[in-house]
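Take a look at the structures below.
Next come two complexes built around subunit A: one with subunit B, the other with subunit C.
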Partner chain A sequence: MSTTITTTASGYLLVLAIMWPVAGIMLSFVTSGRGVERLACVVLPVGFGIAVAVLIAVAQGGQSQIYVVGDWAPPLGIALRADGISAAMMLTTAIVMCATGLFAQGEFSQPSDLPEARSPVVFWVLLFAIWSGLNALVLGSDLFNLYVALELLTFAAVPLVCLKGQKETIEAALRYMLFALIGSVLYLLGAAMIYGAYGTLDIGLLSERVRPDPATLIAASLMTVGLLAKTALFPLHLWLPPAHAGAPAPGSALLSALVVKGSFFLIVRIWFDAMPGLLSFAAAQLLAALGAAAILVGGALALRQKRLKLLIAYSTIAQIGYLFFIFPLAAGLTAGIAWSGIAWTGGWLQLFSHALSKAAMFMAAGLIAEALGHDRIAELGGIGRRLPITMLAFGLSGLSLVGVPPSGGFVAKSLLLMATVMEGQWWWATVIIVGGLLAGGYIFMVLGRLLGSSATPLASLAPVSMRRELAALSLAICAVLLGFLPLRSSDFLQIGR
Partner chain B sequence: MMTPMIASTLLASALAVPLAMMALALSRRGTGHTANLLPLAPLPALLAAMMVPEDTSVVLPQALLGLRITIDKPGAMLLGAASLLWSAGGIWARAQVRSQSQERPFTVWWLTTLAGSLGVFLAADMIGFYLFFTLVSLAAYGLIVHDDTPAAHRAAGLYVALALLGEAFLLMGFVLLAAGAPGSSLLISDAVAALPTSSWRDTTLLLIVLGFGLKMGLVPFHVWMPLTYSAAPIPAAAVLSGAAVKAGVIGLIRFLPFEAALPGWGEVLASVGFFSAFYGVGIGITQANPAAVLAYSSVSQMGFLAAVIGMGLAAGNRAAPLAAAFYAVHHVLVKGGLFLALGAASARLPRNAWLVMVPAAVLALGLAGLPLTGGQIAKLVAKGPLGDGLAGTLAQLSAVGTTLLVLHFLRRLSASAAQDSTEPPSSLLVGAWLTVAVASLVLPWMFLSTIGAASWNTVLSSEELWSASWPMLAGGLLAAVLWPWHTRLPRIPEGDVLAIGQRCLPSVFSLGATFERVDSYLRQWPIASMCVVLLVLLLTLTLAVP
Partner chain C sequence: MTIPFAFDIGTAMLLIAVGGWMMVAQGTMVAVIIFVVYGLLMAIAWVRLSAVDVALTEAAIGSGITGMLLLSAAARLRQTEVTSTLPSFPIRLLSGVLCAAITSGLAVVVLLPADVAPTLAPMAMANLPETGLGNPVAGVLFAFRALDTLLEKVVLLLALLGVWSLAPDRLWGGVPALDSYAPPNDILVFFAQVLPPFGIVFAIYMTWTGASNPGGAFQGGTVLAVMWLLVMMAGVVRAPPISCLRLRWLLVAGPVLFLMVGLAGFALAAGFLAYPAGYAKPLIVVVEIGLALSIGATLGLLAAGPPERNHQP
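Up next, the complex of A and B:
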């Protein structure tokens, strides 16, 4: 093993990826609410460019890009590291951020004759903070740094829930915060134990030293369960439906598409990078079983919701479940077993396609609610004729969730299915199939209403901006296009391992 | 002769043109007459079916998943018949939606279904096949709900639920096929060749038969057919019952390993098929709505086809796929033509009823194998895989049943013609309908030499003529005997066993309520906190298990 870690040629991009949104935050504080919107028009595209540049650097180099902060190599200093999954995650984040930014332009602004309100500045600052937190999370390679990134993410996400300041959203936000804090405490406790046992928190060094003694196992399960609470994996999902359904549409999009994925990313880091080979068969089955329960319960409950945003929130609970199949199915990745690579690609594709389609879906739901003044599913009749672009966005993203070809969701689910067959764990295949049927049920339940006859006179609908409809549609189209990626990209996701 | 370049371009355009038109209709603003595209969209496919030489292949660029489309004999026959019906149906659809505000969505749904329906005949790899199969299955939803009545929504909901179930079966089946195939080839032929020796052979076959059987409406998966065809607008019912259903037939033809004799699986499929064939007749004669009668006739006919395919599989008969495709071609045109006849009848003045009734009678009796029609040839060709044993006898008995059922249909048709007296259909519509009808009579004669199953002389021999005639006479006799009893037949609701399913629904909903209770229990603070502690313990324990 090489012990000296040095900064690679494009390493500075990694610092930029984290600091650029922070610069956006700093500048937001010195401008007005309207100024922040204009500021976002610069921060978002440049941030997107940085993500693309990192992706290209990783792809061309064929190896991780590294930046050693202050030239102090770990364990003394800390390093930032972009491997294949970080780069792909960064790009997904950037795409969702840009579309959300486009969607949110004007959402929080006020007529010029009124005094400035808090919410516009707050929203954009939170958006930048989430972005910076997520980039730090996917690039960090030190368990304590990752904790800091995780907290930044959580504390930026919580206020997003109660941006409107109504009583029930504040309640939902508090619920979210308290539960996320339990998660943080568990994670920190685990990290402290690891430090006590090994004297380092650097992931690379840990992977060489780690051994399956009781302290390590307890520490690992504390960290994992803490992160599960933040990911809202069943049965730790109590905070998710009110929080994701209560936030304003662009907020819901960020929360459902990205924030819950951050803590999942960290769980994968722990088990595949920091402690490779330590996850026992039984533990992997346990994680997947929780995922399976999430798929079934989340899907069944989504079918029973009366409000569109709650339906989508429960669908998120179900879709998160699929991610956890990566643990039993890709377990052989470090041993170089071929079909583990299939599961690995499938799991990540599920994450990316869910991020894109769920953000699109929350935006579409937001537009529908804006036009109608409510989001009661039973009274959505005919809105599809008035908002065809929104309906198309909802439909395309829904089909990706169900796993209908051609879409990212289809490729993800077929790869996971393939892995279950190869691995001989057919029981997960049944769950994937049933989950797809449940998703088909709730998506078509809504689509049927949208296409049906109108209950309310269409003339009474509030106008909806075309730009915002197109923002939702472009994300949905991205989710579909993910299904056309050449299978070569699966090698990309394994860069750096 | 065509150069390979032109041939492959024409082949690709068969699918590219409908999809491009769909995109055009989707993007076009306002209410331009997008429906004018409907009759034109299938024409490249029709040309391709007639002119492109057999076994021409096109491999699409990698950006389009590297899909491969190939035209072979069964595919070309079905493609030709289906595109002819889609074009005629398009003429009817154009007339029907023209004045409505729903024109654009209807056009988009129609073209998407069309692209899927034609695509399944050409797709040579599993991804492409699954893609087109999904298009034809799910996009039909939009055609069924078009009338926006409660019945239409109910039918479409049931349809889409079953279609998704079928998709799920097939997805798992295809994954198993791909897993059993050597190397990373996704070509259907490679995967099917490896199927008989695959370690997941039986599960794969079960999933494939379930998935395609659902699409074909084999009992007990037939419940969607009567509801759907009654609720959909007539042009949509014509193309769905004629062309779209054949996605299931081509699926069985492509995905079952006829090279290897699989008696067990073949006989199971044949039994289910024959059961459906008689079941469809039995329920069909109790139906009053002519569209529902036609739907049950489809259940019966698709059952018969499944029996042909099953017996072919049982014997390892390599000619069976072609025979099944030939029979299916006849059904495409006849069933489509009969639905259009229904449209013509509901608009004809009563005194001109014979103008509709005579062609309709020829078409309908063709299903039972009326001598000298395409139906007689179709039955004759089907005899090959069926053989002379029990299956052969059952096939002849099913022709008796079919005669009974189509006579019932003709009576319901004339009754419905007498009731309505709306504006008569334009000559263009009548022309489109009669083209399909004539094609159903003529095309089988033309294809006969192509498939080389029998010669014209065999068809016209007195022995064959008698073998085709006696079931009709028996059926006619039976109909005459049953006639006075007709009013005493039970009135079975459309979708028959669906009523039982609906009785089970409350228990399914109560399952959902249970889940809801579990969810609200788990989402209490004390319980959730307990869960955290428990999970830490459980995870540590499972980690300690080696």
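Up next, the complex of A and C:
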């Protein structure tokens, strides 16, 4: 038996990270009118501050920060735990949240002298809920507590899809909900089986007790399949394009940048933390093969799209694929193999840079659609010259998606590429290269249109607020800056393992 | 063969038979009614497994509120039912194969380990005196795993907001319509006038006794919700507009109280969601009362559906 898990000095921050947005949700219900938006002006910066504080605490301590809730130590109680990847994920979430909040102020504002309107209240509550759910998901270390976090995330994400209230978006939301709920049920089934077999749900205790017997593998597979449905990995991606394209622009940004990453994070938790060493070579190859298929199919379908938002949604399917190379390439992480560390860093950088650039891209697409009144790619001609800041945001985030230096996406993809070579799994290298070409194809196709000759007269364009353009641009710049992080700082991602 | 054994075998067979009947039933409405029966049988099975708390929840939530939601959905879908067609044969085959695979996987897992499954139950019982509670389920929900319970209440609020968000913009702040259940009639009005006093007393008892015996805020809240729905459906009480601030406070009162008690633990006890020594049981009972009211309001409004009429004061 290991020693009892105890709270660390900065552990209370983990509670605040989850409960601060929850307080925002509760207050939103009872502040009508413009109150919710003002509330967001407080919730967002303080939430950002909490994420930074957790990051500093983890970095300075050089080890996980832990909070034992209610002073009941696992296995009876629940502990929250922030390691390197959770802290980094929290900061990414906070950055995207704040930029989205800045972008949405205006789009989701209450008219001051009218009664409370529907979409502003719903939007801000869902934004708080996604934040709280994601923080709970990256800090949870108990399989059932993580299920509750998943539910929080799902119930916040689904209404966001149909916030516009059109028939198609409600249909997309319903389809998303079916996939997500089947995913939840499979996860819960697996978690119940794990409890039946080991008598604990705590990830740390599980990792000491876990045995590679059929029951454990069935349980873990059920949980993984359920989470894959929520992550929209090929072939369970069918719900994603209409859902992510149908949501309002700030909603699409949150869904594509953050929500699908939450369930991916949990898959990594299961296979690297709860059951280290249990993922067989064949299973890891299968996960990566699905990722490869996602890269190729997602990229090819993105090339064929007629609408900008759908193109970006298909690009998300492809970019999610890269994340799954982490399973075969970083498998030796616990054994301390050097290139596993490289793949680990590459995988997480891909996640963070995609989160930043995809949020920026959806915002830019939203602004373009707002200015033009449509998002048909063939008729985007010359809009880039009218909206140079938006154009720049789209371009910079596109470069990161393709993997052009200097950008976070470039570093991520080159690290993954390097790991495939060192690991001797060259077949994934070809997919990474072809995937980059496909991404280049669809990004430059759009960029070409944006910069092309003008088709619409200036007068017919709706005005676009500079503040919202800058929100998109700042995220795109963050995605590029990620490429300048010294690689030494990647040790941070291994804190707590 | 003893009588209890025969009873258990009979219940199990009946469950399978009713489950099968639900599958082949013609018409959504019939299937939903069989589903309610299935839930009640399931509750009996849980009682036989000595899981009385689970049985109460199954009867109240699994069969009761879920049944109501499904009935309302079936009523709303009645017009479209004639035109809708069955899914194609390959899809039906695929879903059948998937269900069979999951069932057999479960069977393997349940039947495989010969030894007794490890459990935290003895540890939960051993630590129960520290909380002052008598019901180990309440101990798990409000002490050992209080964080899960608190977050689940937030999920419930989000579910309600999700339902409300389906309303058209112009009806936001309006009144839910309960016409889809049944038009008010004499029998309904009679029950709505007779049942609520008993129901409310029962709900109070359920919530109060939950600290020591099976029961608790969720079951008590469900009974409250059903009583409220009954009087609203009968037209004895008008459904409130969702913009009503008092209603909003009622919805969040329980979770807010729970969160504040939890945060007070930072200053007064061993930390978040810990209770000061000796005050655990009274605090938990207070939180449960608040939660029962909020859960009742939330579940009632969930079943009532999105606003469908403008509010006329």
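FYI, the second predicted complex is superposed on the first by the 488 of 497 C-alpha atoms of A that agree within 3 Å, B and C clash if a C-alpha of one lies under 4 Å from a C-alpha of the other, contacts with A are read in each partner's own complex, and residues count from 1 in each chain.
The criterion applied here is as follows: a contact is a pair of C-beta atoms (placed from the backbone, for glycine too) under 8 Å apart; a residue touches a chain by one contact, two chains touch by 3 or more.
Here the structure is a predicted model, which is why all the values come from computation and not from measurement.
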First (subunit B), second (subunit C), both or neither touched by A:L228: first
Which of subunit B and subunit C A:W124 touches, first, second, both or neither: neither
Touched partner set for A:L301, first subunit B, second subunit C, both or neither: first
First (subunit B), second (subunit C), both or neither touched by A:F324: neither
Touched partner set for A:I218, first subunit B, second subunit C, both or neither: both
First, second, both or neither for A:V15, with subunit B first and subunit C second: second
Which superposed partner A:V402 touches (first subunit B, second subunit C, both, neither): first
Subunit B versus subunit C as contact partner of A:F29, first or second or both or neither: second
Partner chain in contact with A:T200 - subunit B first, subunit C second, else both or neither: second
Subunit A residues contacted in one complex by subunit B, in the other by subunit C: 214, 218, 222
Subunit B - residues contacting subunit A, complex: 26, 62-65, 101, 105, 127, 130-131, 134, 138, 141-142, 145, 148, 153, 156-157, 160-161, 164-165, 167-168, 171-172, 174-176, 178-179, 200, 511-513, 515-516, 518-519, 522-525, 528-529, 531-532, 535-536, 538-540, 542-546
Subunit C residues within the subunit A interface of the complex: 102, 105-106, 108-109, 112-113, 117-120, 123-124, 127, 143-148, 150-152, 154-155, 157-159, 161-162, 164-169, 172-173, 243, 245, 248-249, 251-252, 255-256, 259, 262-263, 265-266, 269-275
Subunit A - residues contacting subunit B, complex: 179, 182, 186, 212, 214, 217-218, 220-222, 224-225, 228-229, 234-238, 278-283, 285-287, 290, 296-297, 300-301, 303-304, 385, 392, 402-406, 413-414, 417-418, 421-422, 429, 433, 436-437, 440-441, 444, 448, 451-453, 484, 486
Subunit C-touching residues of subunit A, taken from the complex the two chains share: 7, 12, 15, 18-19, 22-23, 25-26, 29-30, 32, 67-72, 75-78, 115-119, 122, 125-126, 129, 132, 136, 144-145, 148-149, 151-152, 155-156, 158-159, 162-163, 165, 170, 189, 193, 196-200, 214-215, 218-219, 222
